[in-house]
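You will see two complexes here that share chain A, one where it goes with chain B and one where it goes with chain C.
Let's look at the complex of A and B:
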C-alpha cells in the first residue's frame, strides 16, 4: 500500500466567503498524507474542521458547498473537473467565491 | 410554468451527463474549456471574454437608450456586478476597443456603513479601497454617505416629465450627428480629445459635502468631523435610530434601497446626468422579482426589474448587467482581474429566514443549483411583463405617485374585485372601532390650514404643520403605495423619517386639500376622476 505524500494546496476565499475565515483571503495549507489521494469532498471536510471559524452552514451544506458558492480548481469551473470527485494534486489552486452578495 | 416542470426533469438528467470532464470549448472547439455557463455550455477563456463583452455591447445597442455624448452615472457599490459594470465601461471607452462606446460616464458610490453599524475606521478603509479603484478608471467620481440623506431637499421626490418624443428617430439622428462631428474635425484624434475633455479626468472633491449648497447641517457640533467626513455624528445617530425603529429586516432593506435610490437620483440631477446605470445581475433581478411580489409590488415588476426604469422622468435608470448570471460575473472578475471591494450589508450572515429578500435569494439559489435554468426562466418571464396601465404619468399633475418609490398610485383601485380592495375594506372596518385619537389632531390641522390658506397659497403654508402633524392621518397613508405603506408602518415613529420625506408629504397633502376645496371651480374638461382620494 503506497502512502501518498502530503500535498500543499493554495486556497483562496472571495466574494464575502472570507468573512467566515477571520477575513483571511488566502491560505497555504498542507494536507497530511493518507493512503487514498485527497479529493475535494475530503478537502471540504478538512476545511470545516480546521479552517472554518464560524457558521459552517454558510459555507458547507451536507457534503458539498452551499449553493451560491463557486469553486474554481486551477482557474477552471469545478463542474468540468468532476466537482467533488476531483483528485487533488500538489500545488493545486482552489478558489471559493461566494456569489450571494450581488453588488 | 408547465414548461418549467418539464424542463427541470431534463435538466436533472442533463446535469449528470455534464458532470463528465468535458474538454473542449463549444465555440472554438480548440482550447480547453474553463467554465460552464447556463445549462451545458462550456467556454474557453478567450471565447468567454468575447461572449461577455459582446453581451454588454449588445445590451446597450439593442435598447438604444444611451445617446452618444450623453452623461451617464454609474452606481457602483463595490460588489462584483457593479465593479464588472465599471470595468466593461472602462474597456468599452478605451482607445483599443473596436467601435468605442460613446457616452460620458461618472461614478457614484453610496456609503451605507451607518445603517449596517460599521465603525468609522472600517468605513474609512472601505472608502479608501474604493477610491483607489475609481481613480484608476479615470472617470469623475463622488462618494455619498447615507447620512447625507438628512440634508436632501424635498424636490428629489418629484418626477419631472417632458413631452414624449419619437425615440428611434432621435437616436439615429443623434448617432449620425455625433459621427459627423467626429469626421469634420481635422484629425480623428480631435474627436477623442473633445470627448476626453468633457470627462474631467481629475477626481471630484470627494471630501466636500455633496449637498453643502443645501446646508441644513448643524454647523456647531461638527468641528472635528468636518475635515474628514461631510456629515455630523448626529446624522449618523439619526440614521441608526431610523433603522433601529424598524422591527423587521425586510422593512430595513426596503428603506435602505429607497434612501439609496434617492441619493443616487439627487447626485445625478445636480451633476447633470440624465441616465443612471445600475449593476443588477440576472440572479439578483430574479430574486428581486419574486421578493417584490411577496412585498406587494407586483404591479410595478416591469419597472423594478426591467432594463429601463422611467418613473423619475428626467433620469432613466438602466440595468445593462441584467443578462449576466452571478456565476458569469464572478468568473469574469476572477479570470480578468476586475477589482472589487466586499462590503458587508444588512443581511450578511443573517439566518435564512431573517427577511423576505434573504429567504427568496436562498430559495432561488438553492433551486438554481439543482435546476440550472431557474434564473433564466424567471428572467425570461420578467421580460414578458408589460404594465397594463401606463406607468408614467404624461404630466405630473394628472396621476399621483407614491411618495417613496414614485410609482403610480391607484393601480390597485382600478379593478373592482382586487385583493387590495379587500384589504383596505377590512382595514377600514377594523379602524373604525378604535378611539379616534388621530382624527382629533387632523381636524385641528385642517382648521389651522383653513385660517392660513387665505394668506399663503402654496409655499410656507401653515407654520404649525411640520411640527405638530407627525401623526398618522389617513391622508398620509394615501400618499404611499401598498408596499411602501407596509415599510413605513413597520417604523415605531414617523418622526424618524428624514426631513425631506416629511416635507414633501406635507406639501402633497396640502395640495390635495386645496384641490378638494377648489374642486367645484375647476374647469370640467380636466380629467381628475381617478385621483380623488
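Let's look at the complex of A and C:
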C-alpha cells in the first residue's frame, strides 16, 4: 500500500485561542505518514491529542472547531477551502483565531 | 482551485462574508467593510462636522478596528471630526494594565490624543480592591455600572460632543437576546438603537452596529492591527457567555441569524400600557437615573459602608435612607454584609 510521506505544517493560534495552548501562539509540527493524505478533520483530532493543554471543549465541539473560532488556511478563510475536507500540503499555514474574547 | 473575488474578479478571494455569502479578496473586503461603516454613519447622521468625538478604546479588537476605521473615514470623506481615544482604567492588575499598553501604542499608530480615566480617581476604589471586598460573585455588576459612568465622565472632562463605542452586530444581537430572556422591556427597546441619549448624558453611538464579529476580527488580522485579546481575569459573565455561544451555534447553521435577531429587536413594538421607568437625575451625582440615587452611587455607598451587597438587586425602599446618609437597621445591615462567596 502506498503511504503518504510525513508533512510539516505551521500552526498559529490567536485572538485568545493561544491561552488553551499554554499561551504559545506558533507551533511548527510534523504530522506522521499515513495511508491517506491528512485533512483538516484529522488535524483537529491530532491537535486535540497532542497540543491542546486545557478545556478542549473551548476549542473543539464534536468533530469541528467551536463556533466563533475562525480558521484560515494559507491566509484564506477555510470556508473557501473545503473546511474539514481540505487536504493538507507540506508547509501549509493554518491559523485559528478566537472571536470569543472581549472586545 | 482558488476561488476568485466576486467583486474585482481578478484576485484570489480571502474570505467568505457571513452577511452576504460573497467571496472577496483582501482589498475589496477592506473597501466594502469601510464603506458599510460609512453608510451606517451617514444614513443615521451619527456625527456633525466640527464635533469632538471620543472613541471608547479598550485595546480589544472591536475598539481597535473602530479607531482605525474612524480615522480612515474621517480623512477619506472629510467628516471634519476631532477624534480622541478615551479609555477607562478599571484597576485590574495583569489585565487592564496590559490592554492599556495596547491603547497607548494605538495612540501613536493612529496619531490620536488619548485620555485615560481610572476608577481609582473617580470612585476611590479599583476593581482589585472591590474584588477583595465583594469576592467574585457580583464584581461584574460593579465594573459594568462604573464603566458606563466613567466613560461619560472622561468625555465631560474632555468636553467631548459624542462618544462612539465598538459594539458590533454580535454584541447587539446578544444583548437583544439577554434583555428578552430577562424580560427587561425598557432595555430591550433601547438596546438596538444605533445612537442614544441626548438628554443629560453625552450621546453615544455604535458605528459598527451592523458589522459582524467575524469581519471585524479578519479586518484586524489582515490589516495586522495591534490588539489585545485576553479574557478579563475576574469575568466569567456566564449569562452573556451562554447567549453568545447560542448565537454562535445559530450563526454556524445560518449566518444571517445575527442580523435577523437585531432586526427582530428593532421591530418589536411595546404595548402602550407597559410602564417604562421615568429617567431623572441622581440626587447625589447628577447622572441620569430612574431612581433618586443612581446605581453607581448605591454601589459606592455599599462599598464605603462595608455592605457590598447593598446595590445588588432591587432595594428601592432604602433610597431615602441612603440619600440622607442615615444608618440602616441591624437587620438591614445583616442582609447586605458579605456572608458567603
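Quick note on the criterion: the second predicted complex is superposed on the first by the 102 of 103 C-alpha atoms of A that agree within 3 Å, B and C clash if a C-alpha of one lies under 4 Å from a C-alpha of the other, contacts with A are read in each partner's own complex, and residues count from 1 in each chain.
In the analysis below, a residue touches a chain if its C-beta (ideal position, glycine included) is under 8 Å from a C-beta of that chain, and two chains touch if they have at least 3 such contacts.
Everything numeric here is computed off the predicted structure, so don't read it as measured data.
If you put the two complexes together on chain A, you find that chain B and chain C bump into each other. Residue contacts after overlaying the shared chain place A:99 against chain B and chain C alike. When the two structures are aligned on the shared chain, A:83 is found in touch with chain B, with no touch to chain C.
Once the two complexes are overlaid on the shared chain, A:19 sits against chain B and chain C alike. When the shared chain is aligned, chain B comes close enough to touch A:55, but chain C does not.
In the superposition on chain A, A:67 contacts both chain B and chain C. Aligning on the C-alpha atoms of chain A brings chain B into conflict with chain C at a single listed stretch, 403-411, out of 223-231, 403-411 or 421-429. Applying the stated touch rule to the two superposed structures, the overlap between the chain B and chain C interfaces on chain A comprises residues 14-16, 19, 67-68, 70, 72, 75-77, 79-80, 95, 97, 99-103.
In the complex of the two chains, the chain C residues touching chain A come out as 2-3, 12-16, 23, 58, 60-63, 166, 168, 170-171, 213-214, 216-218, 221, 229-232, 235, 244-245, 248-249, 251-252. Those residues of chain A whose C-beta lies close enough to touch chain C in the complex are 14-16, 19, 66-68, 70, 72, 75-77, 79-80, 95, 97-103. By the touch criterion given at the top, residues 18-19, 21-22, 32-36, 42, 77-83, 279-281, 283-284, 326-327, 329-331, 334-335, 340, 342, 344-345, 348-349, 361-362, 365-366, 368-369 of chain B touch chain A in their complex.
Within the complex formed with chain B, the chain A residues making contact are 14-16, 18-19, 55, 58, 67-68, 70, 72, 75-77, 79-83, 95, 97, 99-103.
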